[in-house]
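The data blocks that follow each hold one structure.
What follows is chain A paired twice: with chain B in the first complex and chain C in the second.
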Partner chain A sequence: MEFLNHFGGVFEPISFMLLLVGTIGGLILGATPGLSPTMAVALLIPFTFQLAPTQGLILLGAAYTSTVAGGAVSAILLKIPGAPANIATSLDGFEMAKKGEGARALHLSFLSSGVGGIIGVLLLIFLTPLLAKWALAFGPSHLFWLAILGVTVIGSLDSKSFVKGLLSGCIGLWLSMIGYDDIQGAQRFIFSSSLTGGINIIPALIGLFAIPQVLDMFAKGRRNAEIETVQVPKQSIMDSARELGRSGRALSIGTIVGSIIGLIPGVGGQIAGLVAYDQSRKFSKHKKKFGTGHSEGVIAAESANNAMVGPSLVPLLTLSIPGSPTAAVLLGGLLIHGIFPGTDLFDNHPKVAWTFINSMLVGQVLMVIFGIYTATWAARIARAPQPIMAAAVMVLALFGSYSVQQSMSDVYIMLTLGVGMFFLEKFGFSAAPLVLGLILGPIAEANFIQGALISNAQNGPLEYFLTGPLNIFLVVLVIASVGYSFWTNMLEQKETTLEAGAKS
Partner chain B sequence: MKTLIKTIAIGLSAFALSSSSLMAEDYPSRPIGVAVSYGAGGATDFQARIVTMVAGNKDILGQPIYIINKPGAGGRVGWNWFASEADKDGYTLSAYNIPHFIAQSIKGGVSYSADSFEPIANWGEDPAVVVVGKDSKFNSMEDLIKFAKENAGKVTTSGAGLFVGHHIAALQIEKACSCKLAYIPTKGGGAAAMKAVIAGDVMAGINNLSDAYRAEKAGNIKILGVADLKRNKEFLPDVPTLKEAGLDVDNSSVNYRGLMVPKGTPQAVIDKLAAQVPLMFKHKRVASKMSAGGSPMNIMTREEVQKMWAAREATLKELLKGL
Partner chain C sequence: MTASRIQHLIPAIIVLAVAAIVTWLSFTQQPAQAFLFPRLISVAFIILAFWNFSRAALGQSKVGGGVSAESFINLMPGLVVMSIYAFFAAKWLGFYCASFAAFLTIYSIYDPVPLSSMKDWGKRVFITAVFMAVIYGLFSLLLKVQTPRGLFF
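== the complex of A and B ==
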């Protein structure tokens, strides 16, 4: 209960002001396309040079929590996921916004972010020693199977067609191989010099999600003399809160999946949202509604990606291993003040450690308040005429892709992928499985190579990859997941043939 | 008064210089970018942000320096970009990591070599160290080498990648003990390699002194040896060098970090940077932040770095010949 003793630290005038600045700034940075949470936190590091350690960390912690939630704003309103964490949010969130329910989607996304986030930080506070062991339990073989488990989700992520989902997943896996291989340094599929760096995930996200939609808007704009404008009905916050209460299942699946996956170094943050989305659809009574603007999709995705924030810091704070790029940047913020995470942090600087953790707790609450406050007028974007909207999204897409590493190559890649995806969508393919392939490819590959190298020095790959309780557990999950997909697919086909039969 | 003298002095020297170097007189007139070939949060990124933080001071460069991250493929992506696309006007610098980029250029497949770049100055010197998990049965280099000799190719040893300092150290150790390790390159740099050691995925690891020092303080690992010519007095006075442990390993794997510009940058700009940048590295605020973070410094001037690059290139060519 030591954290309670340090709650006062958060409410000291300067600290609280920094918390406000970090939260509001984080929401804005997070909502800016192309600025991932990692970049946003890295941008703030120089400011912490001048601050006391506690204050600096409050700023960074608040920014981290609120950028992750802020990413939902552009994902919902513009269909530009700010970071991989927000991909799943845009699947249903943008559909809701198109129907004029943007405010509702934003309310739900901030509320579920808050719930997930607070539970995640509480886990960090109470279960850290236990969680640290869990974070270390994942070696290369387990991460490989985990990535494969993610691949099995690909087929079911696309609600329209199982086969097309798998196909676009394969395209994503292939795209992920382009560039230098990260471990051996071999060059693969480098058709043009723009591709030497491989495909950076942020420009890819922008291209795959935003560009097809922009092209669609342009294509429609001329033909419809009267440009469709969406009515944005008033959405009361109480209604949203009540709706969240009714969606307990999606909320708890999101929070649990996010917390568990968030712990695993190097994997968690990117796929927590997508896995939670997929799981809550499998367990939902309204499976068919997912992808058409169903609120449970937003709730699961957003509670997962904020639940991940607290646990993702466990390896950093206890073992001094940054488990994610953002954690690595936070590590820098500690090191410049001569504070080493690990036992040193909690034994010798308890005030720094606990004030930082508490600030993330308070930060979650502030984030919900400011997020909801802005949601109502942010959602009015949907009323903007489509040609203007398309132009604005285009500008943001270009800026966002360029700003990641100040590189025109990223802009070309973004545009190419975007145009390609526009045509693929015409054939019924969708972007989400493709992106999942793009994210999981490198994780599966790198861990497989590493595991193979390690196993060669031991008793061979079969034993290394297939023995041990965690390996077996994951393999069983993989088989179950594949089986489930096949089974539901067969069932659906039967239904459609039955229906077709009934009609004739 | 002081500024007045300075202004006059600058004015006079400008007068004396030819017109082609007039540009250097204004230089720098806008902020300067430093490309880091590794991701945000890595050791190189973190140190680059610290050592450049006083660039905006009047007596240093008078313009701030900002960091651009261009990570990928162990640094190849960033340095490829720097060699082929970066502007040669002194407003784009890059951080170098020796022996990484020289070793990569010797192995081929990249569009740069040591001749593609002009060094400005060196700020850091981070030796590779050999580490094992805290519960490992190995308590000294001798234990580890004895085991490796009896079990050829069984000692799984993690490091940040292929042809980076860690890998060079592993190759040198193998050569020195005429035994075989199983070197495991990781994706995700030194942090991932360290995690593999702490979690017990591998039996040993080669990592940066700065990161290992932190992990040891946190009680997660044991440090068995330093791949350098002398012990590190500031951070690890009790850890022997590999030489002391009977292995003929020199300092070829030490990770030197510094700033460079692409070849073709005006000489006057290079001269100005070479004069001012060491002052920036020596600034006392930089020194205190670097030392607090456990990052060893070694400030070297342009001439010293040129010699060091040449020496490294020669040893690395020799070492990598058989591979």
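== the complex of A and C ==
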């Protein structure tokens, strides 16, 4: 129950103010179509430099939580999911809004997000110390395999093509090696003077997540976005709360599915929302009502996508394996403050760890309160013209990446990576495994070198890296993650071929 | 919608070329100890890049819609403005001046409202000025970031 000792830290004036700013800002950013939670958190990282690590993490954590929930506003009122995690919400949410039940849908969405989110953070609180203690037994070979596992799991699961997902991971690992080698001081892959200092994580994160979205907005051209909007008559919050109480089945399914999916690295909120929606429909007495504006659809999807937020941080805070792309960006936020996940975090920085986790618990409550009261206001901002959003994100990306080291090299790297990623994404490559490779590359390399040195004094590297129960378990997991993805890819390909054959 | 075989081939060739250069450098550069990890990664990199290239060449690469000609034409003005802004103007004109110009240019290029109306130009300049004031407040006053001043500011 150590977390209770650090609750006071959340209510320190600056910390609480940042929690409020992160929550309200996150709700607005989340409601804005085109601005994903990952991008919002990446753009916020430069602002955390001036803050203490705890305060910086509180801001990032609050933004993460509330952007996921805020995405429901535009999904319900505009039928444009603010983030991929809210796709399932729009299926019934917008239909409810069309029937004049927009306020009810928004209330249910935030209340179920809150319930799911709180249970998810409680899982984070109780599972993290157990796993962190287990991580104490990890030596260099295990940490090496864990870093590789992080890249392969996200590479295999996050991308639609597992070859391209793993290739993205390899590109990230290669990018992490650019610059001077830490041990020998040798130059590696320095093709331009801008790369002498290597690739800083923050400009890379900003470039990889923000610039492709700006370019996507450019690619749409000067079109007038035709957005179908609906009026939102007022409704009693108490009625919505009572309805949520009556929809226990959808709420439980959403929360359980979201929590489990959150724990699996690389799966993410989009899958959580869709799986929970599907399961809720299967178990519902009113299956046919789904898709026509049924409240259980909104409850299941929203409780799931927020329930996954807390558990997605469990593998991150204990084993350095982010559970989602946004968690990968949070890992970058931890590392720039010199904090390493795992036992180091809980043994040497318990105040940072627990205040951050507690802030996510308080943040869920604030998210519900502000979400309900600012939803219609946020929807108005969500209708901001795309050219303004594109120009604003572009300028913020430039200032944000420059401010990290006050270096133009970071700006050049940010833009080059961003433009490259935009084109790669169009051909099925994915930013998340690339970022993971970039972040976990140095961890994998340091442990690989350390392991190689230890193995020289023992029976050689093969025995050191490939024997022992934990090594074998991790290697099996790496192979299983790649194998599973290969198998599902093959099945999908077979189905596509059969469909094409049937059509012809 | 999936992109054509030729469209898939272009990124596949670029990635294969990068993987080949990385592999070649990893196995030829010295000191060997510094390239131990790059060698390990480059082997996986080149195998996957070759696999991806083969799939693209055989027309089996189906994931990703590619970039349509219309999207590319829409994209180009913004991309050119963004590149000039980041690579030249920001340092040469000064961060704030270049950002003002880039914001206004992007907003004007992609604004569906016709460019002939003076009233709409006033609105664009006003929104740009307000946004730049917020950026100045955040980065210059709050975060104390020293940006390149260039010719102007």
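Here is the rule we go by: the second predicted complex is superposed on the first by the 268 of 504 C-alpha atoms of A that agree within 3 Å, B and C clash if a C-alpha of one lies under 4 Å from a C-alpha of the other, contacts with A are read in each partner's own complex, and residues count from 1 in each chain.
By our rule, a contact is a pair of C-beta atoms (placed from the backbone, for glycine too) under 8 Å apart; a residue touches a chain by one contact, two chains touch by 3 or more.
From a predicted model like this one, the values you see are computed outputs, not experimental measurements.
K.L.:
Quick check for you: in the superposed arrangement, does A:Phe49 touch first (chain B), second (chain C), both or neither?
P.N.:
The answer is both, since A:Phe49 touches chain B and chain C.
K.L.:
Does chain B (first) or chain C (second) touch A:Leu146, or do both, or does neither?
P.N.:
Neither partner.
K.L.:
Just checking: does A:Gly332 make contact with chain B only, chain C only, both, or neither of them? Give me first, second, both or neither.
P.N.:
A:Gly332: touches chain B, not chain C.
K.L.:
Should A:Phe340 be classified as contacting the first partner (chain B), the second (chain C), both, or neither?
P.N.:
first
K.L.:
Given the touch rule stated above, what does A:Met394 touch, chain B (first), chain C (second), both, or neither?
P.N.:
Second partner only, chain C.
K.L.:
For A:Leu415, is the partner it touches chain B (first), chain C (second), both, or none of the two (neither)?
P.N.:
Only chain C is touched by A:Leu415; chain B is not.
K.L.:
Identify the partner contact of A:Gln406: answer first if only chain B is touched, second if only chain C is, both if each is, neither if none is.
P.N.:
In the superposition, A:Gln406 touches chain B and chain C alike.
K.L.:
Does chain B (first) or chain C (second) touch A:Val214, or do both, or does neither?
P.N.:
After superposition on chain A, A:Val214 lies in contact with chain C alone.
K.L.:
For A:Asp181, is the partner it touches chain B (first), chain C (second), both, or none of the two (neither)?
P.N.:
In the superposed model, A:Asp181 contacts both chain B and chain C.
K.L.:
Just to be sure I follow: which residues of chain A are touched by chain B in one complex and then by chain C in the other one?
P.N.:
In the superposed arrangement, which is not itself an observed complex, chain A uses residues 46, 49, 181, 183-184, 186, 406 for both chain B and chain C.
K.L.:
Under the stated contact criterion, what part of chain B meets chain A in this complex?
P.N.:
33, 39-42, 45-46, 49-50, 53, 68-70, 72-74, 76-77, 80-81, 84, 104, 107, 109, 153-156, 161-163, 182, 184-188, 191-192, 194-196, 198-202, 214-215, 217-220, 289, 291-294
K.L.:
Quick one: which bits of chain A touch chain B in the complex? Just the residue numbers, please.
P.N.:
Where chain A meets chain B, its residues are 38-39, 42, 45-46, 49, 136-140, 179-187, 193, 196-198, 265-266, 315, 319-322, 325-332, 335-338, 340-344, 405-407, 442, 446, 450, 453-454, 456-458.
K.L.:
So in the complex, which bits of chain C are touching chain A?
P.N.:
Within the complex, chain C touches chain A at residues 3, 7-8, 11-12, 15, 18-19, 22, 25, 29-31, 33-38, 40-42, 44-45, 48-49, 51-52, 55, 60-67, 70-75, 77-79, 82-83, 85-87, 90-91, 95, 99, 102-104, 106-107, 109-112, 127-128, 131-132, 135, 138-139, 142-148.
K.L.:
Could you pull out which chain A residues touch chain C in their complex?
P.N.:
46-47, 49-50, 159-161, 163-164, 166-167, 170-171, 173-174, 177, 181, 183-184, 186, 188-189, 214-215, 217-224, 385-388, 390-392, 394-396, 398-399, 402-403, 406, 408, 411-412, 414-415, 419, 423-429, 444-445, 448-449, 452, 493, 496
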